[in-house]
Amino acid sequence: MINLVWLVPLLPLIGFLINGLGRNVLSKSLVGLVGCLSVLASFAISVGIFVELNASETKSFIVPVFDWITAGTLSVPFNFLVDPLSSIMLLIVTGIGFLIHVYSTGYMHDDAGFAKFFSYLNLFVFFMLLLVLGSNYVVMFIGWEGVGLCSYLLIGFWFTNTSYAQAAKKAFVMNRIGDLGFLIAVFLIFNTFGSLEFAKIFPQAASMVTGDSTLLLITILLFIAATGKSAQIPLFTWLPDAMAGPTPVSALIHAATMVTAGIYMITRSNILFTLSPVTMDLVAVIGLVTAILAACIALTQNDIKKVLAYSTVSQLGYMFLGLGVGAYTGAFFHVITHAFFKALLFLGAGSVIHAMSNEQDMRNMGGLKKSLPTTFFTMLMGTIAISGLPPFSGFFSKDEILAHAYEHNKILWVVGVIGAMLTAFYMFRMMFLTFWGGFRGTKEQEHHLHESPKSMTIPLIVLAVLSVAGGFIGVPAALGGSHWLASFLAPVLTPSVQKLGEFHLDHTTEYILMAVSVGGAVAAAIFAYVKYVKGADVPVRDGGERGALANLSYNKFYVDELYAAVIQRPLDALSGFFFKVVDRMGIDGIVNGFGRGASEASKSLRLLQTGNVGFYIFMMVIGIAAIIVYSFYKIY
Amino acid sequence: MGLSLFYFVAFLSVFFALLVIFSKNPVHSVLYLIVTFFTFTIHYILLNAQFLAVVNFIVYMGAIMVLFLFVLMLLNLNKETEPMKSNLLKVAGVIAGMCLLVTIAGSVKALDVSDPLVLKDPGIGLVKNLGKVLFSDFLLPFEISSILLLTAMVGAVLLAKRDTKHA
Amino acid sequence: METVTQTIQSVPLNHYILFSTVIFAIGVMGVLIRRNAIVIFMSIELMLNAINLLLTAFSAYRGDAAGQVFVFFIMALAAAEVAVGLAIIVMVFRNTQSVDINVLNRLKW
Amino acid sequence: MDILLLIFLPLLGALLFPFAKTQGVKYGALVLSVISLLHSVSLLTRFTPDASTQFLVDYVWIEQLGIHFKAGIDGISMVLVLLTNLLIPIIILAAWKHDYKNPGAFYALIAFMQAGLLLVFTALDAFLFYIGWEAALIPIYFICGSWGGENRIWVNLKFFIYTIAGSLIMLVAIIYAYLQTPGNSYDIAQFYQLNLDATTQGWIFWAFFLAFAIKMPVFPFHTWQPDTYTAAPTAGTMLLSGIMLKMGIYGVIRWLIPVAPLGFAEWGQTAMVLSIIGIVYASIIAFTQKDAKRLVAYSSIAHVGLIAAGIFAWNQQGLQGAMIQMLNHGINVVGLFFALDIISRRLNTREIAEMGGIAKVAPKFAITFLIVLLGTVALPITNGFIGEFLLLLGVYNYNLWASIIAGLTIILGAVYMFRMYQHIMLGVTNERTLLFRDIDGTEKAVLFIICALVLAIGIYPQPVLNISEAAVANLIEQVNGKLLNAKF
Amino acid sequence: MNVLIIISILALVVLYLGLYKAKSALVPVTVLGLAGAAVAAIAEWNSNASPIFSGMMLFDNFAVAFSVITILSTLLIVLLSKDYFDRISEHVAEYYAIILFALAGVVVMVSYHNLTMLFIGIEIMSVASYILAGIRKKDIASNEAALKYFLMGAFSTGFLLFGITFLYGATGSFDLEGIKQYLISNPTEVSILFYAGIILAAIGLLFKVGAAPFHFWTPDVYDGAPTLITTFMSTVVKTAGFAAFLRLFATCFAPLQEFWMPVLLVVTVITLFIGNITALYQHSFKRMLAYSSISHAGYMLFAIVALGANSGNAVFLYATAYSVASIIAFGALILVKRVTGSDNFDSFNGLAKTNPYLAFTVTVAMLSLAGIPLTAGFMGKFMMFSSALSDYHVYLVVLAVINAVIGIFYYLRVIVAMYFKESDRAKVAVSPYFNVVLGISALVTIILGLFPALVSNLL
């Protein structure tokens, strides 16, 4: 099965080609079928691979495909690497990918670009799988940029809306900034280890000293790449805008899979990071700050998808926190659980939007529990999960991260818990505003209200189940679990684990930590209930009065404005300056100056030809005298 | 005594030459020029170049100068019609000429040949002798100079003749 | 004749060179300071004669007849030039009623 | 013999086409160009990818001056010969719908230029190289002058004189080097054996560099380029950007550095800095260009700057990257200019501001355009990525910071290219773009071919890399050897 | 020698034809005669000639080559003169006669072996040129040209003669061999007179070839003289001047190169710049060509500055290239002027539309004059640069390159006018004679551009 791994990315690619080329001929149902089946098939294979890998002794297989680039000492084979890490990612990508495909058949049903949508979606899956499966940094980079491209295409799916196109470009460019870091890191790695194959690099790295400067530079650059892809400070602003894309896209790309590529990449190269503690701390701090900042912004957002977007950013922050404190397993665990519940929440939101006929402002919703029971129930599950209430999946993963944070540094933990509380608050705020109270929308919206079709609700249900139960793959020892995930990932992480030393925290402390975070979350939820259900408080309309802090949060701390002012406008101004002043007047001026000078010289020199013989002869005589003087000056 | 004679004649030549170029009236210039040429003839005689002396006397003073005179009369320029150049230009001209003089003279000043000019062979200037050389060594140039003269003749006719056809 | 050949003995060649150079320079000056084409032309004749004299002096000094023959050719040239030159001047005079070279400066720049 | 066929086949066309008066001549031109393409492909099949020079011809041309008609193909030349003969048919197809007036002359000039270019890429005699260099210049001058846009006259005059000035300086250097060769010969082998002192080599370096830098163009010798590209007819722009500027790059690889290694050792850094400045400078200028053609012109300066940087880094990756990127840049830039030509022919404008929403009405065009664009911004699995990856790696091996600054092109390129794409293709359609016809006929053919090439090279570049691998390695070997000798 | 005889007799024959009003026979006879002369000249090729007429004349290969090229140029010009002179007056026979006389003078100039011959040759040529410049008797421009040329020519002759005199005074001989012997016999103490002689003679010759600062006559005379005569002067006369110049310096003064070379170097540079820069701003095509001819004189001086074994070849190739190109340019100018009545650049506007063939030949000529490869002009410049560089005059060459660039600018103006500018002009009527001449010249230009070896290693 494992040597069939090349089929996993290939099938979606085929799906893409079929849908892409046949988009005008194939019927919608056929397109949907092709799209879903191709992904389903690769899911099946992935399962097979997973099973086989689980069974087999050796935990890492390299499946060569073909020889890609060779130049001098550089040789980049196009190989796939199958190991626990990638196999799990395979399951997530193909599995959730499949559910979202199914969902999309319903959600996008009335869209003109139905086939185009599915082809893009398949293409995305293809690239995501490349990213996951690549056995070296370059192949990973192909996927890395490929998913960026697909996200560009899908965010700009409704490109006739200028602001959407804008958002798409923003996403691509910001990713590009990270990608440059990735590229340079690749060069550094090549020149340090003489190879780009993971299998060749990590063993060498393992033998290097902690705090090696090259490794520091490499990891910093890789982290920059990660901030781009996983929307961390300072490159996070593109993700909320990316909500311009259709909701399934937000679910798949901007929640479940692509944005976690950064975490995947760092987990993949964990040993490099482990060996440069400075970077680790940087990662942790950036992650935490991002988590808090995004959470604060999420508090006051009214667009249901924006709330989820910021929550995603914040959750990603948690994951980076986890990485930073060396909880690779925890971080990856959170990737999984987050994939479940965030996908669920997005799809749920999509279902709501669908029902509200493309209304996204929560201020025009309310009391939808009755009309959308399934959606309501599933989303509730998701909300509880993300809020980290036991025994839902979010609890375990988040708690593992926090525990490590606590061990690493108390402050990190405190802030982390606060973040958790904020999360619980804004998530329940969203739920209450959407599903409780009375309907605040227009009449015909109310009239159209309806539960979504099966094709949409079934994925919701499946994901709900996963969000509820997903946590049990990683029950910590403290709770009498064996933490299956940890042991499964062990082969990938052992080197780091050895370097970092075992995680030890006595159970009582763990219990306390859990209690605190859970308690905080519950308190936050109750506060939200009091504020929005009992108090029936509805966020003010635009232009309405807000407190200073609320205003700050509502305007996303003016980060976009800041970037525009600090980077974009200066660059455009510089461009104008270079073009008009330096290029046109300066350099080109000099060039033309030669020509002009020559013609000026001509204008004046021709006047020498006065037309007067007397003058001519006079000049001749002068010339003769000069020549004689000049030549005899030398002899004497 | 010979030296002083040379100086005297040379002085005359220079004097009249200056008159040629400074006299306002072209006709006077011509007449002075004739005189100048006469002094040259004397020089030739002193150098015992008798043939040249004769030719100079006949061709130059006789033919060429008369031709000049004739043209002047023909065009009736026998008065101060010519507006002289501005003095500035004159001065400039003189200075330039002087520069030339100084430079050339200077260039040949440090000459070893200050020894008196001895007539090695007094006979060379005589017609007989020159004729020999002219018709032996210099036969070809002599012949070819006929082309020169012919050209001049044809050309002079061509240009000076009033043309009936207008172009 | 004897006296003549005697008289010259004492004149250094330098003097001849200097003398003809002076005449030549005077000719040049004439060309420079006059505007009447004919007079300019006469000045040129003056230059030619300076050359003639110098040539003769050299030929006498070297006892070589070639120099004097050359003078003969120069005279031939002078004749030819005079013919052509005066013809041109006459032609010009017909068209411009003047022999002033400053009148003729249509061709310039 | 093969070489002679290669060079004189186009010349044949150049001699025949002028007598054709109808548009029909374009079929002749196309056929001829395809024939020479096939011929060069057959050469490729018979070409063994080692360091040796193959298909060598060597005739005495001007004996008394030691000038030979000596030409041959090694790995480096092969790539460029392919590029030339590949692009010429595409360019002819691209000009298909234009129906230029006086077509006979037009296609004759293109053919003549092709001959000149091939001569440059195959010449192994400095004099021959120079002849080809100028022979390629004259036709493009007439093409741009006769069929170009507004104020073409002045712009072309500037371009021509600027270029000639450079090449004349180079001529002086060539003659000088020739006089230094033991046997007084223009043979490149003799030039390679020259052992001049560092100062002289420095002068020779600059003389050559000037000519090549103006042609490429490298900052700050680039100011003729945007104007010329903008004023030229599309075919001319394609010839200039697709093939002609490769002459400069090729010259650097083949002549500049091997002939004056010490000069390179002394001044290479300066050249490198100029190239890198050019990358960032041109990219930033491209940000705010309103004329799409001008924008692409500036982007071309940036990309060429990167290629130059990769060469001056003078290592295997950099040079190999340069080789393949020459091919890629040729393909991509031709594609871009053709896309813009389609637009401006449909809309009679090149003002980006006046466009928008074309993707809505012309999906095929949108996709092909996008693919070419991705190739230009070096997205993986497009050809651009291979080139820029190797180039940047080469530059990195030269210096970390150089590679970081040069790498900015990855970001900046994305910015201006996608900005352009967004304003032209995306957004709402206005009354001007509403009636935009989707591509058809030859347009389709051209764009599809180009896209196919973009992806093919991007997915499986190894064959192309193999062509020049050995030759490049050998060249580097030789130069480094001379540098070592100079040290001790 | 036979060449000289043939040409002189031919001239007389033509005069007689004129006398008997056999106008129609003029051109054919002249052409045939010239062809005969050319053949006669070629017949003397490699007849390892020795000085004849007691060392007056040496018809060596140098002489043969240059007399052939001058004769052939004259032949082409005569072909163009069909129905050109008739427009001036009915005494056309004399014109041909005088052209032939001038040509005789030229032959003397290129084959002299004695300063006397040089002097007479130059004078025959000059006097004939004075006359030819003035044959448009009613045209004031023509008169002015003639007078200026005459006065300045006579003036410069004075210096040439003065120089010859000094040389004679120093060496006691007019014979090139004798002068050479003088230098060889006492290389150490060369008489100061000799130096003065070199300088003054050089000045006289520099005037004839129109090098700065003795170039002032060139633009005005070329501009004022009838175009066909300008053609003759700018091709045959100039070539002859350089041949004479080169012969004198190569034979006699070579040993003293370090004395006169710097002077000529300076003169060359000044000439280049004055010629090119002034030509830039001209509106009249004819006058532009006049200035450009000055600059070309500058390029040809390279060969003398860098005097060497190859100089003869270089000058010969350059002169040939320059002559044929000028013949095309002036020939086209004659035709265009007949239609537009002006010799400005604009009168060439849109020529490519109406007369593609004519436009093409002019293009070839302009590219050749500009020194673009694949034309004879380029090879000429190339050899000049090579010889200069071989003497390590790197700076001179760099300056020359700058000038070449400037030159391209004004030559391209013609091409721009013909191809890129529109004008509703009538089609220029081109007589078969012109077609033939222009065609041949263009062909020669291209062939020499491809295979310069045909002429570049004769000497």
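Quick notes on this structure:
Here the chain labels run A, B, C, D and E in written order, and each chain numbers its own residues starting at 1.
The rule is short, and it goes like this: a residue touches a chain if its C-beta (ideal position, glycine included) is under 8 Å from a C-beta of that chain, and two chains touch if they have at least 3 such contacts.
On a predicted model such as this, the values are computed, not experimentally measured, just so you know.
Common neighbours of chain B and chain D, by the contact definition above: A, E.
Within the contact network of the assembly, the step distance from chain A to chain C comes to 1. Nearest to the common centre of all protein CA atoms is the CA centroid of chain D. Ranked by distance of CA centroids from chain B, the top chain is A.
When chain pairs are compared by contacting C-beta pairs, B-C ranks highest. Work out the mean CA point of chain B and of chain C, and you get 4 Å between them. Per-chain CA centroids place chain C at a distance of 67 Å from chain D. Computed centre separation for the pair chain A/chain D is 37 angstrom, with centres defined by C-alpha atoms.
One finds 31 Å separating the Cα centroids of chain B and chain E.
Chain D has residues 161 in contact with two or more other chains.
Counting partner chains per residue, chain B shows two or more touched chains at residues 85, 89, 92-93, 96-97, 100, 104, 107-108, 110-111, 137-138, 141, 145, 148, 151-152, 155, 157-159. Multi-chain contact residues of chain C (touching two or more other chains) are listed as 17, 24, 27-28, 31-32, 35, 41, 59, 61-62, 64, 66, 69, 73, 77, 80-81, 84, 88-89, 91, 94, 101, 104-108.
According to the touch criterion at the top of this document, the contacting chain pairs are A-B, A-C, A-D, A-E, B-C, B-E, C-E, D-E. Of all residues in chain A, those touching chain D in their complex are 66-74, 138, 141-142, 145-146, 149, 152, 156, 159-160, 162, 165-166, 168-169, 172-173, 176-177, 179-180, 183-184, 187-188, 190-191, 571-572, 574-576, 578-579, 582-583, 587-588, 591-592, 595. The residues of chain D lying in touch with chain E in their complex are 61-65, 130-131, 134-135, 138, 142, 145-146, 152-153, 157, 160-161, 164-165, 168-169, 171-172, 175-176, 178-179.
Those residues of chain E that touch chain D in the complex are listed here as 313, 367, 372-374, 382-383, 385-386, 389-390, 394, 397-398, 401, 404-405, 408-409, 412, 416, 419-421, 451-453, 456-457.
Put simply, chain A touches chain E in their complex at residues 595, 598-599, 601-603, 605-606, 608-609, 611, 613, 616-617, 619-620, 622-624, 627-628, 630-632, 634-635.
The touching residues of chain D, counted against chain A in their complex, run 158, 161-162, 220, 222-224, 281, 284-289, 315-317, 320-321, 357, 359-360, 374, 379-381, 385-386, 389-390, 392-393, 396-397, 400, 403-404, 407-408, 410-411, 414-415, 418-419, 422, 425-429, 460-462, 465, 469, 473.
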